[in-house]
Structure formats: structure tokens, C-alpha cells
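Common to both upcoming complexes is subunit A, partnered first by subunit B, then by subunit C.
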Partner chain A sequence: MYRSAEVFWHQIFGSIVAFLLVSFLGAPGSAKAQTATDQLSGKLVITGASTLAPLIAEIGKGFESLYTKVRVDVQTGGSSRGIADARQGLADIGMVSRAMKDEEQDLHAFPVARDGVGIILHKDNPVQTLSDEQIIAIYTGKITNWKDVGGKDAAITVVNKAEGRSTLEVFLHYFKLKNTAVKAQVVIGDNEQGVKTVVGNRNAIGYVSIGTAEYDESQGVPIKLLPTGGVNASTETVRNGTFPISRPLHIVTRTPPVGLAKAFIDYAQSKAVHDTIKQQYFVPLAE
Partner chain B sequence: MGEDRVETLNRTQNPREWLATVLVWGAATLVTAIFSWLLGDILWHGLSHISWAFLTAPPENAGRRGGIGPILVSTALILGVCLAVSLPIGIGTAILLAEFTSAQSLFGRVTRRSLDVLAGVPSIVVGLFGNAFFCKALGLGFSILSGGLTLACMVLPILIRSTEEGFRAVPVSYRLSAASLGLSRTTTLLHLLLPAAVPSLLVGLVLGIGRAIAETAALIFTSGYVDRMPESLLDSGRALSIHIFDLSMNVSGGDANAYASSLVLVVLLLAINGTASWLANYGLHRKIVTI
Partner chain C sequence: MTPSSSNTSFRWPSDRLLLWLLHGAASIAGAIVILIAAFLILEALPVLRHISPLRFFTDSSWHPAEGLYKLTPMLWGTLLAMAGSVLIATPLGIFSAVFCHYYAPQALARPYRRLIELLAGIPSVVYGFWGLVVLVPLIGEIHPPGPSLLAGILILTIMILPTIALMADASLANVPQHYLRGAAALGLPRGAAIRGVVLPAAKSGLFTGVILETGRAIGETMAILMVCGNVVQTPSSIFDPIRTLTANIALEMAYALGDHRAALFVSGLVLMTMIIALTIAAEWISRGRR
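Take a look at the complex of A and B:
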């Protein structure tokens, strides 16, 4: 115990001195991606969707352990940022947690996994199913009380996602809604935040990534996923393609990838990362 | 004696006085209760996960398992950069404002007003500025250096205003006596005014560090998200507050480690505050007396 503490502080002190040296000697951006014949080295900057960030960071760690001279830096900020940074060349690779749009055809997109978006209610809410029409009516404010859809006499709290979030776009696309038509009481950002909002309010309705909701449900968090279009919301139905509200998770580049970026994209699309994808509660692409 | 008794009786019987007493005590109890609840909740959920291994190991599986070693190092480095930049600039500006410009002069008023405005700028705005200026315009990229410099922009107004108040609180007679003894302005500043202003400087420092170490929004766009052990100040490094935010809001199943990391953050803050007040009370007292 004591020894390890000593070694730890030793390392920290040593590294602080090293930082100062390195940072004054090394100019910014000097470690750009370069391809060696046998060994890849350099730094790969990846920015974009916060949904994808933990997954790509984990894939990056696996990649770093294969190529020890490579550093993969993952930054978050949303899919729109992933697109913008990849276009401007601020990032080598962008992360986009939805299908690519028509105006984004200038980018080269590579799917790495799938994710489903499921409607969630509090576990104590007696409502077991909602039709698409009912969900549209709830989200546009035409139905405001649970008793109109077979529940208790209580006002519905509508939880919506913030502008720029891919889950929002996937949700709106499936239900053919415009965001301006949505009458929401709560607007949230990340998936876990959506789950926590519904847990804290028995009369709330929200939608989050199915992987997140499924994991939380298995951990005893009091939420339930509603079926959509008669199909149960689960990672299994997302995998076999039967679940209607699902989205591909992409990584994108501005130019056709070469060298380091190509090696990383090949690795991220290989079977070697399927366990990592499942660990992050996403669904690997079918072979 | 007799009058005292009458007054005491009057007070307890007067409903307005009684109500005021209840309200004041109620407010104080509420604040204490909320703080205890918060601390208790973090301790309850976090304490069992804290271990030496947690404090030194790198995060695994997006932070659900493993520890926070590299994150603690990044946080310390970001804070170090922030203080190394803001302390000299802050003390310098405070001296200029308090000792070399009058409180009524236009320059002094404009500077003070802009500092007050700057102190109230939301941290996300500072973060976007830091991203545009340090990361892109200066080409520092996502790095500990960018993060520390951005935090320095946030901490400076608090530090300057607090230190300036400290200088202004030193009685004019000190300066006059020093001048009449033929001491130079620099000597007066270094040996007389600066030690006397140190308690206020420390207050500003504690407030500033408190704001900096708990900062999330300004850092996510500047020092970034990378949870690897940093190798230089130009590497991106994830701060503790960003780690907590990501674990609780973006990573399912990250709550246990989020609580443990929160506990570490709270303990760090309490330790910094404790050290500063100890310094203000004991460590620096002697210096003022001997000179």
C-alpha cells in the first residue's frame, strides 16, 4: 500500500516535469497522423454525438492497445458538431448518431452500430400500450390527461429532447412531427437524463435509447419500455430490424479515409468490437 | 434586572417577534439540513466505492468500472495552469486598481464595471469563447492548456475584485506612515500592504478555485473528454466535473462511480477551503506582526 502510494506520487511528480518540458518543446499539432509501413502512429481526433462518444472512446482504447504509438482523442458535442468539425477538418472523424441526410452526401459515412429509440413511462403508470396516433396526440398537446388513454386521472408530463439531439430527429421522423408542433413540459439532453426525469415523475412520458432503457430496467430502475407498432422495444428487435424506430450510428470523414483514419474505421466496423458495442448497450450490425 | 425580565417576556409574547425568530431559525435549519442531506447522500452512495485503487486506476468501460487516476491528474493540471496564469495577473490588476488609480477615476470605474460583468458571464459562454480563441484561433486544440486558460478568464474577475477590496481595506494611515518613514512604494507594497491584503486574496482564491474545480460547461469544449493519462499540457484531459456529468447523464450504469467521483470532488473542495482559512488565520498572521 505504502509503496504503491510512493510510486504513484513519484510518477506524478515525474510526469509534471515531463509535461512542462514536452509542452514547451512540442509545437501544437506536430503529432499529425502519418502512416509508417509497418506501424501506425499519430493522433486521431474524433468529435460529435455524445451518444456515441463512450462507445468510440472504448473502441479507441482497443485500437490504441493494438497500435501502441496511436492516440485516439474523442470529444463530444452532438451530431451537428460531428458533421461541422469533420467538414472543417477540425476533426479527423465525426460521430453522427442518426442516418445521413441528403445535404450531407459530401461526407463519407461508415455505420458502426445500431440503436433503437423507445417510448418510456414510469413503471407505476397503468398504461401498457399507446398507439402511434395516441403518442402523436400526446406530444402535440391534444391529449393532456392519462385518463384519455386508459390511465389514471392525472396530467401528462411530456418530456422532449433538446434541439440538435439525434434521438429527437429520429423520433420526429418516425412520427412525422415537427419540433415546433411538440408541446413539451420538460426538455432534456442525454439519455440518462431522460430516464431520470421519468423516474422522478410518475406521470411523465419520454423517449430514450433502447439500450439505455433496457439496461436501467434490468437494474431495477422503475421505468418500462412501450412496444411500438406492435413490436416489443428491445435490443433484440433492433438487431433483427423489426423494431420501427431505430437509427444507425455513423462515423464520418470529409475525404475517403486513408492511413490511420482508414485503419481505425476498419477496426470500428470489424467483429472485434462487437463485445464493446454490446457493453455500451448498442446493437452490433448484422454480419 | 427587572427591566430585562419585562423585555424578555414582551419579546416572547409579541407574535411578530416570535414569528421573526421562528423564520430566522427555520431558514438556518433548512440550509443546514439541505447541505447535510446532500453530503449524506453522496457519502452514503459513494463511500463504499472509494479505495486507493479507485483514486489511481484509469477508468474502464466508459467509466462504469475502474477508477479516476488520470482524471485527477488532468484536473490538478488544469487548476495549476489556471492559478499560474490568474494569480500574477490578478494581483497585478488589483494593485493597479487599488493603489494607483482612485476609486472615482473613469479608468478605475470602467475596469471595475467590466470585471463585474465578466464575473456574471455564464460559464457556457466562457467555454465557447475559450473554444473559439484558445482552441481554434491560437491553435492549442483540445488541451489542458486551453482549459486552464479558459478557467483563468472565469476566475480572474472574482480574484481581482476580492484582492482589490483587501487593499482598499488597509487604512490610509499605513501608507502615510510608510511614506513618512521614507519607504519606497514597492517596499510598502511588498511588506505592508500585500500581507495585509492576503486574507481577502485567499477568499477570492477559494471562491475562484471553487468555481474552477466545479466547472463543467467551460471545460467540455476546451480541455475535452479524453480520459487517458495526459502526457503533456497540450493533451486533452477530462476534468472531474465532466467525468461526473458524463457518468450520471450519458453513461447508463455509471451512477456508482459518479457518486464516488462526486465525493472525491467535495472532499477536495473542503480540503482547499480548509487549507485557505487555516492559512488566513494562522499561517500568515505572524508575518504581519513581525514587520
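Take a look at the complex of A and C:
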């Protein structure tokens, strides 16, 4: 299972090591993709958002089995790294787990899937729904007890994400909050760590990728996803675009893609990968 | 150490070869430390160049994305977690070693020592995971939120306990048997002999153990990251969540760019300075005693 805590730590450690190596050696060897007329071959370096990395790695495996001479190398480091690496040519393709910003119009972006960020509570928490204003008040420390929003008399544990994570950006952007205004009791890194924190604390509130939360919920993990803006948080509402805190997942290139990169992007946007996307708890784009 | 320059055996070619090999090995070991320090400074320079180092202590908070770089709460977090765990683990470790050496029957002492060695071998992620799913909810029942300085201190205590226990065990084993027999001959009861003779004789080994466990407590990352809550604040009680300098680097490095990234290397520099200060203090104290 990709989304296990163990893998998460492994990833962190791996990215620190990779990062140190990169710092020491300069750029990762981004071998130029060779374009052969009949058979594609070469190495494709893809870096960026950790949300997208497992999905792109799986798509990469499918792509490698189609073109046996191709190697796809996926590295994580956040959407900002995906943008930076694609711009500087350190990577052939960047992964960005949010909508493209205005100053990023120089890049060519291709949506591959959608992801939603859902508010989660412990299953035993009697609170069934929270308005946007209540969530803002909880995250800015104006409401600190569940009884003020219809729950029992217990202090609220606010779970926030570490600086730089795109889930944090999506969350702050939707609620129009600044991270300096957030009064959190716990700061976490990975989605799965967020789920574990809420499971371990009946009075916690957190936010994670809906794909992760929905999967964990179906596996009997005692959490529940709250509706936002009157819309149920589910992969279904993320797909049809009605769920408000959702985000597109992009892969980007600096120049219009040709050869190997183009073949990969076409493959990643094709129907052939829809099952892979669902297996990773993301939502394929509607045709 | 004995001076070797006057040693005539270095005239043989094979010895000269050995000497060069030793020179090489020693300079590699030394160079690694220098290189790491140089690398840290080099990577931290971009931010130090246009931000005064003072701002790492005077800014209002740590929000690198918004240009605020205060490190002091994390420095306190590291120091408090370290101090708390060392204060608990040291007596625990020394007493367990004394028990193991002088009171426990042979049949118990042997498996007990193996158990402690096993404790030293468990990866820190395992401690962290246990802390996250068992310890943190438990503390949360007593005093919410749960992830806290206390959780960090307890996890660190368990992790550094084997270091001090094994060091104390080894240094007690080095105390000559005739010291204890002499004390017994003088009619001292066993407790008094241990207090008055054995512990002073083993002092320098115990002290080394304390230095080693302190180093491990400062450097620990994964377990701390999982149980401490990682909120950047100076704690006002042991139930408050904290973030340590090491956790800060591990938590944000994967997603940091530009000044944010360089600021994380400044965290690394501060950590390195702490370790250097610790080493100097240890040297100073042990020299003062002799």
C-alpha cells in the first residue's frame, strides 16, 4: 500500500538524502530524451508535488511497459520544486498539485486528475457539520471548545499542515486565511499522519486529501469527512466539480512537449490511466 | 597516548605504508566534519547575506513563506526536550546498571543486559510510531491536545536510556574488583561502597555516557517529529506542543525553496553550534576534574 506511514518516512528520508546528493553534485542527470522515429527510448525525469508523485510513478510504470527502452524517474519535493525544475530544465516534466498561477503562464500545463481537500473529524465526534465561518473561527483560535459549535464540552485540537505543503495552500486559499493567523495545536507533514493524529484524538479537527480520507474511512478507520458549503466531500463531488475545496493536478513542461515527453503526457491524459488514478484515490477528469 | 616519533620501527617500509594509511584515514575522518560545516555555511549564506543573523532571534514568528524566520522557540524546544530526557534517563540508566552489576543474580543480569541492548537497536521510527498511536492519545486523555513536550521527553528518555545504561554498565565493569573487596574489608555495607567507592571510580565513564546520550537527544528527529506536535512556540507547560530544530528541517526541507531552504540550513548551523558547544563544555568539565 503506497499511503502507509512507513512509506511516508521512507520518502522523507529519501528526499533528504536525494536533496543532499543533489546539493553536492549539482543537478540531477537529466538526460535529454532521445527521439527515435519508431521506438522511443531514453530517460524521463519528473519532479514536483508529493501528492502527484505516487500517481505519476504508477503511470510511469505503465508507460515503461509500453515502451520498454524508456525509464521514468519520479522525484518528490513539492509543487514549487516541480515549477522550478521544469523552468530550469532540471526535470523534463514538473508535477504541480494546484491550479496554475498567473506568473506561471510561461509553462505548458496539462491537467491529469483532480483532488479534493476535506475536513476530517473523529468518528465519535457528535458534530455533523461546520459552516465555513465556524471552521475559520476554529482555525484562528476564536472558537476553542466543541460546545460552541454544537459538540460536547472539550477543547478543540487544531491540526495544521507544515509550511510549503500544497494541501495547506489549497486550504488557506479557500478559507482566505493567512498561515500566520492559524492557531494550531499540531502541525503535521503527510496526509496519513493527519489521519493518524485525528484517529488518536477524539477532539481533533484536520484536513487531508479526500482520496486518502475516503479510502481510510472505507477501511474502517474511525474518521469522518465533513461536507463543505453544503456539498458532501467525496470523490464523486470532486469529479463533477461541485465540491468547493478541490484542486486540479497538473504536469508541466517549459517548452511545448515533443517526442518522449509528448508521448508520456498523451498517455497520462488518456483513458488508459483512469483505473490507475482511481487506485491512487484521485479523481479522473470527466471527458 | 604515547609519542611514536621516536619509535625506531617506522624505518621499515611496511610500517611507513601503514603510517601513510593511518594519516589518510585520520585526515578523511577530520575532513568530513570540516566539509559538513563548510557545506552548511555555504548553503545558509544566501539568506544570511540579505537578512541579518539577529532576525533569526528577533522576528515575530517562524513563517518562512511570509519572510519571518524566528528560530528561538525551536531552540527552546530542542533544549527543553533534551534537558528533560537527560534528567530522567541519567539516574534511571545509572541505577539500572548498578542493579545489574551488584544486586541482580547472574541468571537475571544476563538477559536483562541483552534486553537493554535490544532497546538500543530499535529504529527511532518504531518508537515514534508507538508514541503516536499509544503515548500521545494517553497524554491527550489527561491533558489535551496530546502531542506535547511531555510526549517528546518520554520518547527521548526511552531512546537514550540504553545509551547511558550500557555506558554505565561498561564503566562499572571497568572498576577494579579489589576496590570493592577493599571497601568490604573495611566493613562498608554494599550500598555505601557503591556510593563512596565504585561510582567515583567510574565517574569519567558515566560522564562520557551522559555526553553521548545528550548528543543523541539533540539529534533525534523522526520520533520527535511524530509525537511533539511541531507547533512553533515557546512552551509554557509540558503539555504544550513544541517543534525541535531537527524536526523543523525534516518537516519542511522537502518543500522548501530559496530563502526558506537557506533558513533551514541556518537551523542546521544552530544545531551544529549546539553540538560543538556541548563538546567543548564536556572537554572543559572533564579537564577541570582531573
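What we mean here is this: the second predicted complex is superposed on the first by the 256 of 287 C-alpha atoms of A that agree within 3 Å, B and C clash if a C-alpha of one lies under 4 Å from a C-alpha of the other, contacts with A are read in each partner's own complex, and residues count from 1 in each chain.
As a working rule, a contact is a pair of C-beta atoms (placed from the backbone, for glycine too) under 8 Å apart; a residue touches a chain by one contact, two chains touch by 3 or more.
Not measured: the values here are computed from a predicted model.
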**First, second, both or neither for A:286, with subunit B first and subunit C second** = neither
**Partner chain(s) touched by A:212 [first = subunit B, second = subunit C, both, neither]** = first
**Partner chain in contact with A:154 - subunit B first, subunit C second, else both or neither** = second
**Prompt:** Looking at the overlay, what does A:84 touch: subunit B (first), subunit C (second), both, or neither?
**Reply:** second
**Asked** In the superposed arrangement, does A:162 touch subunit B (first), subunit C (second), both or neither?
**Response** second
**Message:** Quick check on the superposed pair: does A:57 touch subunit B, subunit C, both, or neither? Answer first, second, both or neither.
**Reply:** first
**Fill in**
After superposition on chain A, the subunit A residues reached by both subunit B and subunit C are 5, 12, 15-16, 19, 23, 50, 76-77, 189, 193
**Item:** Partner subunit B, residues of subunit A touching it in the complex
**Value:** 1, 4-5, 8, 12, 15-16, 18-20, 22-23, 26, 28-29, 45, 50-51, 53-55, 57-58, 71, 73-77, 90, 189-193, 195, 211-212, 215-216, 219, 279-281
**Asked** Hey, which residues of subunit C end up touching subunit A in the complex?
**Response** 39, 43, 61, 63-66, 68, 125, 129, 132-133, 136-137, 140, 144-147, 222, 225-226, 229-232, 241, 243, 250-257, 260
**Prompt:** For subunit A, which residues count as touching subunit C in their complex?
**Reply:** 5-6, 9, 11-12, 15-16, 19, 23-24, 50, 76-78, 80-81, 84, 154-155, 157, 162-165, 178-180, 184-189, 193, 196-197, 200-201, 203-204
**Request:** Within their complex, state which residues of subunit B touch subunit A.
**Result:** 52, 56, 61-63, 73, 77, 136, 139-143, 145, 220-221, 224-236, 246, 248-254
